[in-house]
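Next up: the structures, one after another.
First chain A sits with chain B, and in the next complex the same chain sits with chain C.
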Partner chain A sequence: MPRSKLDAAARRNRILANTIVIALAIITLLPFLWFVVMSFKPADDIFAGIDGFFFTPTLENYTSLWNDRFAGSMLNSFITSSVSTILALVIGTPGAYALSRATMKQERTFSLLILASRMAPPVAFAIPYFLVYRYMGLLDTRTGLILVYLTFNLALVVWLMRNFFDATPRALEEAAWIDGASLWKTFMVIVLPMSGPALVTTAILCFLYSWNDFFFALTLTRNNAMTAPVEVVNFMNYEGWEWGKIAAGGTLIMVPVLAFSLLMRKYLVAGMTAGAVKG
Partner chain B sequence: MENRRRDVAVNAVGHAAKAGKTPAFERQRQRFFWLLLAPVLAILAVVTLLPTLYLLVTSFTPLNLANPATAWDFSDPLVNYRTLLTDDRLHNSFWVQAKLSVVTVVLQLLFGLVVALLLNMRTPLMNALRTSFLVPMVLPPIVVAIIWKVLYSPDISPAWWLFQLLGWNVQTPITDASWALTAIIVADTWEWFPFTMIIILAALAMMPEEQREAAEVDGASIWQLTWYITLPYLKGTLLVAGLFRLIDSIKTFPLIYILTDGGPGSVTEVSNYYIFVQSFSFSYIGYSAAVTMVLLAMIVVLSWVIIRAVSGGSNAQE
Partner chain C sequence: MNGVRIEGVRKAYGALDVLHGIDIDIEDGEFVTLVGPSGCGKSTLLRMIAGLETISDGTINIAGRVVNEVAPKDRDIAMVFQNYALYPHMTVAQNMGFSLKLRGVDALKIKSAVEAAAEILDLSKLLERYPKQLSGGQRQRVAMGRAIVRDPEVFLFDEPLSNLDAKLRVQMRSEIKGLHQRLKTTTIYVTHDQIEAMTMADKIVVMRDGRVEQVGKPLDLYDRPANLFVAGFIGSPSMNFLPATMSAGSVRMADGIALPAGARADAGNAPQQVMYGIRPEHIAVAAEGIPATVSLVEPTGAETVLSFAIGKETLTAVVRDRLSVQPGDQVFLQFQQGAEHLFDAASGARLA
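Here is the complex of A and B:
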């Protein structure tokens, strides 16, 4: 075949592939975009069928949401997610460092433990936690949620941070020891500052996992500590079907998630496959 | 990656030799590491192992929250496990789970593979659009469920406007016993095909060029290249991605909770959901604990298979 003909065929293929990818991207994004647009629609236009396609955007769904208990539930979401993330980092990071540097024989057992805690269905933890919390008066408290979130956050921190430490050279630490720095000081002054970016990444992942939680918040809270995902679902149950408010609430919940996770999509998979695949 | 790690190790050994690292220092170092490790292990045990043990113990009691006396009643420890064998609704839930898991995993692998192969052509346009395919996966699961509730609600769904325009009279699938599971499968596939896609894309990026180029020179078509070279290369990746999705599909909750509530009847009631209903709606905690233990056992086995699959794969590369 002459060269030019081949090139033409290749170009046709590329154009075809590009077109298919554009179409697929639109199909993928459409349900999500529809939902976001709906949150800016006046109530009448939501039910107006095709006539509601063109509408004057409004913030009324958001303002009516904010007068509600919704702000409180957002605050609950934020507090439980951040505190659990910080706790997991403080407890987990030194352990991850030790795991990376010490010579361990139970490598595979440990992997299995981490993987299992990521794989376990939330109900497996929800049942015992529910019983214990009922007894201890921790049901419907932020403390209760923070502790439950440690079940997955700790494993995540240990796994991700250990991978990070595995990939960092030991020469700096060794040099510090030679200079007479204590083990503890070396860890605090040399190792930790070096891990800044990795700590931030891990923190964001932990935060997102806790923020996205629905099951624990559904089963372990009733009122006071209820988080935003559960509150939004409640709009469906007892206040009739206020779709505008539901869409506005859903959009507010997903904004931080979208922003953070697309920023660091490279690490997303490392977080999701924790326990099995080294990032 | 492996090479770098080895270099680092060699470096460290060199340094240690120069520093005249003594056995005493080595012992001190190990002690320090255990000191750092102890709190994590202890807390991990308290927050994960202890509850699992408690779950196991509870599974030997007929605990029912309506009747406090049942809490530590071990008179017939295997009663739940016997009930489990004859509980038709539970068996149905396993069957629903199997259908949901198998179909969604296959569809997600298929769509993920197709989109990844396309995106791997890496034209500028594709690189720009790549991120948009990740959106479904990163949305909070509860929001995904609500989005699909909107799409499946005839009075507000854009799909039903279209049906109306075409004069079709379509029922919503989520209240139709023969379509409800399909509705969940569609939503779940949309949510998670990006996961398989991104894993496959990562593998494709590391694929060695030589074989492909050689085959191209020999005049192989795009289809032949894909079928004989790319797909065999991706075998391990597809296996791992599929196993991950398989295990995660056992946890599917928000979609079912929001879209169908396990119904109509129990056609979309997967095992996880059945446990939720038994424990948190009916308060049959003891029995739910037993069912959960069975589910956990299955998950541990599957996790073990994953670890074997992954480490087997990396051994082959070394």
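Here is the complex of A and C:
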């Protein structure tokens, strides 16, 4: 039967594809897994080579973190990331909408200029920020970090949301105008509720950008506002490298990233492809 | 005066003129269709009436008030869009009541207005559903319900049926017409489908390339099209056109075949190039008349569409009798007396 032959071929292809995917996943995730396993190892077993393959899991790395300054740095990370994300969305989304619906000639140029701020290497901004912040007393403050992240996230929000708005039909807004809604009301009551998936996607990307930032936190903070990624690196000091703490801290930093991605997987994919094809 | 009056309306996008001075008078309670091929400016004109496009020149007057500078929401209009434009995150009831809610009408009144409209449109059981849970025809009804609830001065329809399948389209066509007969609200309806225009309208405005070609009652347009374009656009299958010369009381095709033209042909003194128009339904196969060769037979059940070669020209006829003719058969055609149309070959304008 030709049909079963086709079925067999399809099955073979599927098995082949799955094998490749699994192999790639293992290669990509292996360092990550190793890191996570390391965080549960007692200090003596970390460099035990093959002997360290079997070990009694322990939480001592995590509990020692808890007594350290690390908890405070996690809080700093969380506050700076969330506040900068929320502010970027609140300010950037109406801006993106305006740019999308504007009829001015230079709007494409404007959008590109906004994006350009994301293209320059961070180091180009770091020194000016440092000098200005020193003058303004914003060094080593959460507010200072939030402002930096805000400028970068704003560009991301405007760019992503603008593309999303460009792809949404205007008939709905026109219907709302005729129904009697003002421009602002239309935006709040009609446009925003439809933008849920795109907003969530953008929010996650903004949050992750701020959360993962190392460079600005390193240059602009010292003690009070230090974020978790920088704090982890401080475990490598001249008194010795505390590998257990580094692994435990690194794992903790990854937790929200992972949780976000898994929780919002549906939105992430929907948001990424929103407007790509007629749904 | 109530109704809608459009005077000298122009629309230009930069240097490109898309509407070149439109004048249309729409009586209170009238059902007017704007019809024409795509790109003729009919949708632009409708959007200008709605206030979604600016007016480059001229005035639009709704219910005795010039609305050029009036915001869409203050024009007392309701519009039904081609793609329905239902708010996806609101239920049917919320969609229909949205305009009243914005105007601050109290919840009980909104509820009763929505229920009344739902009753008319047979939507009562669907009020708590979301648009995505509805079929195309139901969505169309909700869009109409949203318009009805407002009780506006004018309904605007922008090709509302073009997303529906053929059968539903015919059904919704009658429903919209029935609705108009019941509500008697002034309606402006844009379509590219001349059958929709013919069946629904009190008055048809035929447009082409940003100009009005003819305004009239459906049957007036059918019986006395003002020019070749309207003659070819209104009626299905389209009117047949035969190039001919009119002189001294007769109309002859290039190869000498005489076409029956009755008294109208007397008008010409000097020989004149004309387009001779005859509708397919005004041609019959007879024992004598104009010789023709059958080239195609297309039975549709109730009637049969026949194509003929007559001289170098082709001709379509629609007959209700079941004729036993085959492609290649020689037959004779009779044109119904007085049913011919004569147009100037150069300008396309109707002669007499």
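Quick notes on this one:
Everything below uses one rule, namely that the second predicted complex is superposed on the first by the 225 of 279 C-alpha atoms of A that agree within 3 Å, B and C clash if a C-alpha of one lies under 4 Å from a C-alpha of the other, contacts with A are read in each partner's own complex, and residues count from 1 in each chain.
Quick note on the criterion: a residue touches a chain if its C-beta (ideal position, glycine included) is under 8 Å from a C-beta of that chain, and two chains touch if they have at least 3 such contacts.
Bear in mind the structure is a predicted one, so any value in this text is a computation, not a measurement.
Of the two partner chains placed by superposition, only chain C is touched by A:M194; chain B is not. Applying the stated contact rule after C-alpha superposition, one finds that A:L99 touches chain B and leaves chain C untouched.
Looking at the superposed arrangement, the partner reaching more residues of chain A, out of chain B and chain C, is B. Of the two partner chains, both chain B and chain C are touched by A:E174.
With both structures placed on the common chain, the touch criterion links A:I246 to chain B but leaves chain C unconnected.
Once the two complexes are laid over each other on the shared chain, residue contacts for A:K185 go to chain C alone; chain B is not touched. By the touch criterion stated above, A:W34 is placed in contact with chain B alone, chain C being left untouched. Shared contact residues of chain A with chain B and chain C: 169, 171, 174-175, 177-178. Note for the complex: chain B touches chain A at residues 1, 4-5, 8, 11-12, 15-16, 18-19, 25, 28-30, 32-37, 39-41, 43-44, 47-48, 50-52, 54-55, 58, 115, 118-119, 121, 123, 125-126, 129, 131-143, 146-151, 155-156, 158, 161, 164-165, 190, 195, 198-199, 202, 222, 240, 244, 247-248, 250-251, 253-254, 257-258, 272, 275-276, 279-280, 285, 288-289, 292, 295-296, 299-300, 302-304, 306-307, 310-311.
Contact residues of chain A toward chain B in the complex are 13-14, 17-18, 20-22, 24-25, 28-29, 31-32, 34-35, 38, 46-47, 49-50, 91-92, 94-99, 101-102, 108, 111-113, 115-117, 119-132, 147-148, 150-151, 154-155, 158, 166-167, 169-171, 174-175, 177-178, 183-184, 187, 211-212, 214-215, 218-219, 229, 232-233, 236, 243, 246-247, 250, 253-254, 257-258, 261-262, 265, 268-269, 272-273, 275-277. Residues 169, 171-172, 174-181, 185, 190, 193-194 of chain A are the ones that touch chain C when the two sit in their complex. Chain C contributes residues 50-52, 71-73, 77-79, 81-83, 85, 87-89, 98-99, 102-103, 146, 150 to its touches with chain A in the complex.
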